[in-house]
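What follows is a set of structures for review.
Two complexes, one shared chain (subunit A), two partners (subunit B, subunit C).
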Partner chain A sequence: MSVLLRARHLEQRFGRIVALDDVSLSLRRHEILAIVGESGSGKSTLLNVLAGFQQPDSGDVLYDSGDGPQPLATLGALTLRKLQRARWGFVHQDPRRALRLDITAGGNIGERLMAAGQRNYGQIRETAARWLEDVEIDPARIDDLPKTFSGGMLQRLQIAATLVTEPELVFMDEPTGGLDVSVQARILDLIRGLVKRLGLAVILVTHDIGVARLLADRLIVMRHGRIVETGLTDQVLDDPHHEYTQLLVSSVLPA
Partner chain B sequence: MQGYNFAYLDEQTKRMIRRAILKAVAIPGHQIPFASREMPLPYGWGTGGIQVTAAILGEDDTLKVIDQGADDTTNAVSIRRFFARTAGVATTTRTADASIIQTRHRIPETPLTDSQIIVYQVPMPEPLYKLEPSKQAAKRRHALAEYGDMHVKLYEDIVRFGRVAVAYDHPVMVNQRYLMSPSPIPAYDNPKLHKMAALQLFGAGREKRIYALPPYTEVKSLDFENHPFHPVRADQKCALCGAQNSYLDEIVTDNSGGRMFACSDTDFCATNSGRAA
Partner chain C sequence: MMMLTAQALEKSFTLHLQGGAKLDVLHNAAITVRAGECVALAGPSGTGKSTLLRALYGNYLVDSGEILIRHEGEMINLTNADAQTIIEIRSKTLGYVSQFLRAIPRISAKNIVAAGADTARAQQMLTRLGIGANLQNLAPATFSGGEQQRVNLARAFVRHWPILLLDEPTASLDAANRDIVIALINEAKSKGSAIIGIFHDSFVRDAVADQVLDLSKEHA
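Let's turn to the complex of A and B:
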């Protein structure tokens, strides 16, 4: 499998705080990579840098859009924006941040399509209805405002609105954070199904070991801005080497 | 008039405005910032349009000023008299006789020619302002030609009302590049912007922006393939001249619900019915 995204020696400081300290990683096509670590370990900063929302102090991120790896910094704002709007997706922890609550569910799903140049009202609606069904929301609610949706439905709506352009790479920042356990399970199930069906590559940030175990092929453990351990998910979780990983794994409450 | 420079503004200011106009003509639909001056009328009454007119006015020009299509409304009368007194130029109410037409909210029904200039008064030059409150972010979107949200707004209209419910200030794409506010002209007037023979200048005084459409520029009103742009017009004929192809005002005539429809363009109406305006 070819490498889709590669980061080399990323460094990022916020004043005295080191958020990223010599972070390197690579992601292959169709692979799910989880980044775990405690709050403040630099997970979200890493995600923002990888997704091109933030420039690192040093180091670079290379993306292979089909004709060889290219540093994001040399793509130019226009190309980067196009990537972010169509071939990449970003699922936020709080769907209210990503969705527009004052426009209908259909409008939210259609937004990325229209940004990509889709100008046929009928087709936009058809696609939106199909996606609502895919994320297990009644298509009859296509013209309802998201503010009438529950938290779990909002998160599913955000996933539909992100995946509608069939991206090849999706960044997820705690997609199940803040949801109750039964709703979490449904969303994880949904994500797992969609990822497999669409052949997505995913970089998933989470502090929930269970989520990582369920979804990820590979795992990166971060602490204080450094990668302390990396490997296959079950290998890392069943046989943790670094003491911090051991602590992390042992602090999961038994079910 | 003594004590005033020709057309009120000093030459330095006019030169500054002309430079902004030249830039605006060079990049159709792109908003150019300019150092808008205090004018002897309040913001919202045409301070942008009046500055643009002052900057391009010459001694041989003939000026026509309309407000909502009419030559005889307060705003139109005041601005016309302002230039008659400060520049001593000839004024007219006849569209065909004017070399410069300053307008608020309408485009004359009579097609303009390549020897005319039309100046629009613009309250809000930024077509994205309802979707994007940050000016910096809006500028970025123009730079990246990122206008998807504008269609989201139209999509929502169709969902809620079954059609695009923008009656005025319907946004347009200029030269397939810049999204532009046509100023609050009725959507009915939008097709007249497309490939107009006259030079079109837009001035926003409070927002300090000038933009322009050079003659024969491609201007397309935003729409969907299967919901094409449809300019709305009251389904009536003018009660005064009988015109069926002009934009109509609905005028309430008494307290018992009586109303009539008449051309909003007073010069067009008068010419049509053979009256003097």
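Let's turn to the complex of A and C:
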């Protein structure tokens, strides 16, 4: 399977803080890669750089849209925006950052479709209703404003609004971060099913090892801006080699 | 036909959180299994049976040595294969039944088992292992240890694995279910599966194993 995205020797500093220190990685089509580490390990910075929201101090990110790998930095703002909107998706920890709370649930999903070029109102509404059902929101609520939704429902709405255009790559930043444990399981299960069904490639940032184990094929462990360990998810978690990974794994209370 | 052969396996664990203590578990371990054959790993606890089994699955990373696996007609060395290759081998060639089921929230027993086959076969296999229709539609998180183990076994035996690794497949089963598992293992062998297993129950071991590999002797 071909490499979809590759990062080479990323460096990023914020003043005296090193956020990314010689980070290189690659992601294949249909692959789910989790980046784990504690707060301040640089994992969110890495996600923002990979998704083209932030320029690294040095190093580059290459993406293969089908015509061979191209550095994001050479794409130009317009092409990058198009890529981000049409072929990528981004699921934020806080759905309020991605959704517009003053337009309806259906409108939030439909807006993405219209941005991707769809014009037929009936079809857009139909697709939106189907996606609400896919994320287990009663389609009867299609005309409700998201501000009447619970946190878990908002997160599911964000997932629907992100995946409706069937992107090939989705970035997820702590998608279950702010939710109750009972709600988390439902979202994870949903993500798991959708990712498989749509054949998505995913880069997932999480501090929750259970989330990584459930969703990811491969794992990257970050500390102080560096990758300290990487490998198959179950191998890294069951046979951690680095001191920091051993600490992360042993710090989880058994259920 | 040789399905899996491993040589000169070394595996140690360095426990950084416990003063860097080093445990040497596998030393010059070797194993070979052919199609239709079952090798039982034996030896007192602590001799590395589970470690070897996990290493053969790529779940533990060996320090050195070679693990060759016949995957779609080619012998592939698991110890230097990339993640994608190992995932591919695990999805088509190499099955593994752990002692405990890692239950996934909300996925029913039937669907866990059907991930590797169609629903009708999944239901048949669960029924054969004594998981009745009333339980098949429930998520196994609340099942007893024995029931969870049987779901785990059904997931493996519902399809054909060229190589199958079994870690104590009958540990929490009663005699009736144990006999069913013995029958399933022998059926898999007759269809050509190469099986490596840890069986503490000597009755099971005698009923399925063609060869016993005593790891405590291997060490000496």
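The rule we apply is simple: the second predicted complex is superposed on the first by the 255 of 255 C-alpha atoms of A that agree within 3 Å, B and C clash if a C-alpha of one lies under 4 Å from a C-alpha of the other, contacts with A are read in each partner's own complex, and residues count from 1 in each chain.
The criterion applied here is as follows: a contact is a pair of C-beta atoms (placed from the backbone, for glycine too) under 8 Å apart; a residue touches a chain by one contact, two chains touch by 3 or more.
Keep in mind that what you see is a predicted model, and the values were worked out from it rather than measured.
In the superposition on chain A, contact is made by A:Asp143 with subunit B only, not with subunit C. Applying the stated contact rule after C-alpha superposition, one finds that A:Ile124 touches subunit B and leaves subunit C untouched. Within the superposed three-chain model, A:Arg81 lies in touch with subunit B and out of touch with subunit C [touch as defined at top]. When both complexes are overlaid on chain A, the residue A:Asp217 reaches subunit C alone and has no touch with subunit B.
By the document's definition of touching, of the two partners only subunit C reaches A:Ser250; subunit B does not. When the shared chain is aligned, subunit B comes close enough to touch A:Gly106, but subunit C does not. Using the contact criterion defined above for the overlaid structures, shared-chain residue A:Asp238 touches subunit C, although it does not reach subunit B.
Touch criterion met: A:Ala115 reaches subunit B, while subunit C stays clear of it. Applying the stated touch rule to the two superposed structures, the subunit B and subunit C interfaces on subunit A have no residue in common.
Contact residues of subunit B toward subunit A in the complex are 143-144, 146, 148-149, 151-152, 155-156, 158-160, 223-227. If you check the complex, the residues on subunit A that touch subunit B are 77-78, 81, 85, 100, 103-104, 106-107, 110-112, 114-116, 119-122, 124, 143.
Residue ranges of subunit C in contact with subunit A, taken from their complex: 13-17, 54, 58-61, 83-84, 86-87, 102, 104-107. Residues of subunit A that touch subunit C in their complex: 1, 28, 31, 185-186, 188-189, 192, 213-214, 217-218, 231-232, 234-235, 238-239, 241-243, 246-247, 250.
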